[in-house]
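These notes are about the structure you will find just below.
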Amino acid sequence: MAQADEALAVELYTQMALIRRVEETLQALFRQGRMRGTTHVSIGQEACAAGVVGAMDRQRDFVFSTHRCHGHFLAWGGEPRALFAELFGRQTGVCGGLGGSQHLCWNGFFSNGIQAGMAPVAVGLALSRKAAGEGIGVAFLGDGTFGEGALYESLNLAALWGAPLLFVVEDNGYAQSTPRRMQHAGRLAGRPPAFGVETVVHDAADPITIRRLAEALTLAVRADCRPRCLYLHTYRLAAHSLSEDYRDTEEIERWRRADPLAAMRRRLPDEQADTIDREIAARVADAVAAAEADPPARPRAVPLPEPVALPSLASAGGEPA
Amino acid sequence: MTPAGSANGTVHPHGGGLTFRASLTEAMDDLLREDPRVLLLGEDVLDPYGGAFKVTRGLSGRYPGRVLATPVSEAAIVGAATGLAIGGLRPIAEVMFGDFILLATDELINHAAKFRAMYNDQVTVPLVVRAPAGGGRAYGPTHSQSLEKHFLGVPGLKVVAPTHLHDPGALLRAAVADPDPVLFIEHKLLYPLELRPAEVHGTPYPTAVVRAGRGEPAVMLFAYGGGVRWCLPAMGRLAEAGIASTLCLPSRIDRFAAWPWWDLAGRPPAAVLVEEGTAGAGWTAEVAAQLAEAGNPPVIRRVTGADDIIPAAGHLEDAMLPSTDAVVAAALALVR
Amino acid sequence: MAQADEALAVELYTQMALIRRVEETLQALFRQGRMRGTTHVSIGQEACAAGVVGAMDRQRDFVFSTHRCHGHFLAWGGEPRALFAELFGRQTGVCGGLGGSQHLCWNGFFSNGIQAGMAPVAVGLALSRKAAGEGIGVAFLGDGTFGEGALYESLNLAALWGAPLLFVVEDNGYAQSTPRRMQHAGRLAGRPPAFGVETVVHDAADPITIRRLAEALTLAVRADCRPRCLYLHTYRLAAHSLSEDYRDTEEIERWRRADPLAAMRRRLPDEQADTIDREIAARVADAVAAAEADPPARPRAVPLPEPVALPSLASAGGEPA
Amino acid sequence: MTPAGSANGTVHPHGGGLTFRASLTEAMDDLLREDPRVLLLGEDVLDPYGGAFKVTRGLSGRYPGRVLATPVSEAAIVGAATGLAIGGLRPIAEVMFGDFILLATDELINHAAKFRAMYNDQVTVPLVVRAPAGGGRAYGPTHSQSLEKHFLGVPGLKVVAPTHLHDPGALLRAAVADPDPVLFIEHKLLYPLELRPAEVHGTPYPTAVVRAGRGEPAVMLFAYGGGVRWCLPAMGRLAEAGIASTLCLPSRIDRFAAWPWWDLAGRPPAAVLVEEGTAGAGWTAEVAAQLAEAGNPPVIRRVTGADDIIPAAGHLEDAMLPSTDAVVAAALALVR
């Protein structure tokens, strides 16, 4: 490995391992009843987050994510403690505990729990960056989200108006419990091109390749302000949310053996990987402890929008109509 | 099997451990077996998953080809179900979370609800759209809403919201038999509750009436759907405090005529109107308006969700939704 | 021309000429203030209606149309008098005067004024016909309607579930005032295939070819219950609705010279065409006179849905909770 | 140029032949000239067409690249405008007919309206969505509706509906300056009307108050938007019949507090509430509820559109919408 590649391998492994550790911890916290509600983890898909998000520029770019957003958030530089605090319902959470697992916002990062609803919003934000003269965006999508019409309106508008936006599809073969073939006709990766959005298809095993592709595509998007799509084949190793996983266990096993995180780990010297793991474990444990001890979320101070103020009619004159 | 409708004053026969959820599942099972025109469609409704709230569990195995897992396409789900209904079938569409019905608003209001009337009764649209709604599970701002108020007062559209005091399965059967589209609201927190016998009136969408305390009611409660979970304990507490109350709990909430119930309950001097959604132009606004329009209304107070997004943090959600305490406090404020 | 082609030419010319005459008459009626509201005529596009609808079977098939629906309605066999009466607001109108120009329903014919909103409904009705074992449908769309997400949800669902439905696109190059290139990125005809819907592209000058294509495609749809798309390039010679037409006058003139109705007329012996024209003129004049003299539309008898009936609570007992 | 807000009791300065439509166009012209962040988007908004109702006419020529003709994609129009707003711009999106806002319900309610609150005030969404609404032009069931009631009581969303008694341009400027999303309802029939001076109160979304007849008002009218076209002549006729009345005409109809206006008008013994849309859980329901909740309400009657689709036939449409006659009759019924 070249020097640069080595450094990148360390960066990517660290990123992926952090995401994995945070999400496994979240699973445990829910199992233990220390968190309420539900959550969607991206275990198995970390290469997408680490590969793509690292190609973006945190100073001027932005990221739109989905219900499965923790990995993207952490790869964007979000603090584990703020994420844990958000899910614990603490003041120090990313959104003060108001948003929760699916509704994060921080420093140009946005997620929402409505499939595809953020796609046109991402197009609009990208256009505003174009107007400002700098910054591009990435919008993550799942394969199931290709069911929503709003996505196609957005692809069309992005291409038509030249929105500097990279659509990134994490095709993990399922929407919740339903396999892709029961959701879609034709080839999904053929759809963005039909709306004028050039698309590169790749499998998501290797985060280094993903990073290189994302770099190439974001460069192109920056250069000509036309949207692109990076279509990644991946797999989630965990259940859709906290409910049971009914997928074929052999299928899961097969993918588990090809776990990109494990593959990435094998590229590093054992000792280095062990060190990284230990540091992450400590960091995550500290984050959980700190977040759990943080004060509970407060209601928002200002209700939105405020009612109309009562005028003083007493002083008012008035003519008959 | 449950009877399809309930006559006036009938105490419906349930209570033997059947849950709200099982009542619905059983009704769909019966419908699928009895009527070849019935079919279910929605996201992830197939076994073993059986839908996000497990209401369709067991059905796809028993009725292959008649329980259809759809793409994540709420507009097309409701639109296609509308076409199936026009074509003589009896579709029951499930929207996974009631919050997502907003993606199908146009199909529901500008299509399904309009067809019969604007086509001069040449078609009917026997469509049912089931939507699990409401908060209380810390699912956050986009998975906890009670949006049904936005679908009230739509010409051509009915809105039905069962509770465990009704017979939810019978209501679903009535909705399927209805020639007009029905938005069928199921509060998430009611699913695990066991059905309770209650005094119900009217058909095919009965109104349940619950009385607590001794003597003439000093306060009347109006609520629907998930609101029942605060009203029943509140009535108990009021009774302990010596305040008799009557609860009116309609299952059909569009075009609900409030005044007659108040009148027939002996015109209690106070009315507490309960709704989980926000207040503005909601169901309780309509109830209050009707009481006011009729003249000499009771003193009225609405108990509704706060006017803000529903926060993810469980304790904040609890604080902003109505509660038993809030219902009791409202009643006490009016009565004292 | 072969015997069969000759008969078809007469049928198609008659159909197209009827549509033209009816819609020119509507324009005049609105100009004269004898009708209220607005309307969208299909002058110039008649070959699509005549060519496609005639390939359908009125006994068991169905037609979904759009805001620009008169031609489709007449080609389906709808009575001019019922159409005029509908627009005059008469009891005898297609929908008793309730629907008006954009909202027609008759014998398996449906139109609505919401772009693309009928697409999923058409898919559903097609599936119900499939379940019943006979009948297929056609769903007309304009190029502008490709802006709506519901269309793509519908294409996907139709292909995925095998809905016997022929999508027919009348691409007249404009949505209202806006040219296609300002509305869409990529090639529109490439979109249905990306959703698994085979598509045949043709220009809509010749109704005989359209008829043959529609016959071929409906045969295929009937045979395998898979949707198809017939994508027709056409042009409307009149304004979008009753408002002004701001398109390039030379462009309009160029298309007017290639008017498919005139071309079709030239295929018939002059005398025969004259006779047809005369008969149509008389038929339309009669229809207008009869419709205008018809009694005014009545309010619907039954409000929908009725309020809940008041029970007699007086008789009700009741236990304390 | 028009002043951006009106102080209490100000009789706003218009009336010099400027129409409701021109007031809006002029305001957008001013906004585009003054503020580089402002941009317009919508279907067919470019010159020479200038939008279906010609409100944007002349603007695309003067501000090239800042008036954008969109595809026929209502969800994407509202969604993209939301993104532009988050990005620091001041988009004004036009939905061609208010009826089509139903295709953007999810973007409006689950996205634009929620962001500020659910993201804990990290963003604001200064979005304006203009929607020409209402009937009276025989456009039929899908092009004549008054659907704004379905957008009342949405946390985070304001609904503003000017009349020619307000200063529509000033209201639009206020909406653009608002950090929160505003659904801006323009009744089609008001476009050609000349602005009229009127007594207005409050800022930035003033309420107009009109008084007719001599002495203390016997009846108070509450209306908004297109409802003004019946109320003003009705008040004249009532005055002729010796009945004084006061009209309260808010421009912002969400979270409108009704009672104070009634109180400050001297608590007239009767109130007629006027709304073009259907009654169920509409704006007038909310007004009635507020009056009732406050205790000792006036006698109340709602005058609303009939509970059915809006027929295409002009005479049937006229018959099912409210009217001056209906407002007068309601007032007389209450007063006598």
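A, B, C and D label the chains in the order they appear, each numbered from 1.
FYI, a contact is a pair of C-beta atoms (placed from the backbone, for glycine too) under 8 Å apart; a residue touches a chain by one contact, two chains touch by 3 or more.
Source: prediction; values computed, not measured.
Novice: Report which interface contains more C-beta contacts, comparing A-B against B-C.
Specialist: By the number of C-beta pairs in contact, the winner is B-C.
Novice: Name the chain whose C-alpha centroid is farthest from the C-alpha centroid of chain B.
Specialist: So the chain farthest away from chain B turns out to be C.
Novice: CA centre of chain A versus CA centre of chain C: separation in Å?
Specialist: Once rounded, the distance between the two centres reads 44 Å.
Novice: What's the distance between the Cα centroids of chain A and chain B, rounded to whole Å?
Specialist: Chain centroid spacing, chain A to chain B, equals 35 Å.
Novice: Using Cα averages as centroids, what's the distance between chain B and chain C in whole Å?
Specialist: So the centroids are 39 Å from each other.
Novice: Quick check: how many Å separate the C-alpha centres of chain B and chain D?
Specialist: Roughly 31 Å, centre to centre.
Novice: Among the residues of chain A, which ones contact at least 2 other chains?
Specialist: In chain A, 98-99, 103, 112, 114, 117, 146-150, 153, 156, 160, 182-184, 300, 303-304 touch at least two other chains.
Novice: For chain D, write out the residues touching at least two other chains, lowest number first.
Specialist: Those would be 70-71, 73, 75-76, 99-100, 103, 106, 110, 114, 117-118, 140-142, 155-156, 254-255, 307-309, 311.
Novice: Chain touch graph shape: choose line, ring, star, complete or other and state it.
Specialist: Here the contact pattern is complete, since every chain touches every other one.
Novice: For the complex, give me every residue of chain B touching chain C.
Specialist: Residues in contact with chain C: 8-9, 68, 70-71, 73, 75-89, 91, 106-107, 110-111, 114-123, 155-158, 180, 199, 201-202, 205, 207, 209-214, 232, 235-236, 239, 247, 250, 252, 254-257, 260-261, 264-265.
Novice: Give every residue of chain C touching chain D within the complex, in rising order.
Specialist: Contacts found on chain C: 36-38, 86, 89-90, 93, 97-103, 112-117, 144-150, 175-178, 182-184, 244, 246, 296-300, 303-304.
Novice: Using the touch definition from the top, list the residues of chain B that touch chain A in their complex.
Specialist: Residues 43-44, 46, 48-49, 52, 69-76, 99-100, 103, 137-143, 306-309, 311-316, 319-320.
Novice: Per the contact definition, I'd like the list of chain C residues that touch chain B in the complex.
Specialist: 95-96, 98-99, 103, 105-106, 110, 112, 114, 117-129, 131-132, 149-150, 153-154, 156-157, 160-161, 300, 302-321
Novice: Using the touch definition up top, name the residues of chain D that touch chain B in the complex.
Specialist: The contact residues of chain D facing chain B are 99-100, 102-103, 105-106, 109-110, 114, 117-118, 140-142, 147, 149-156, 254-255, 277-289, 291-293, 295, 297, 299-302, 307-309, 311.
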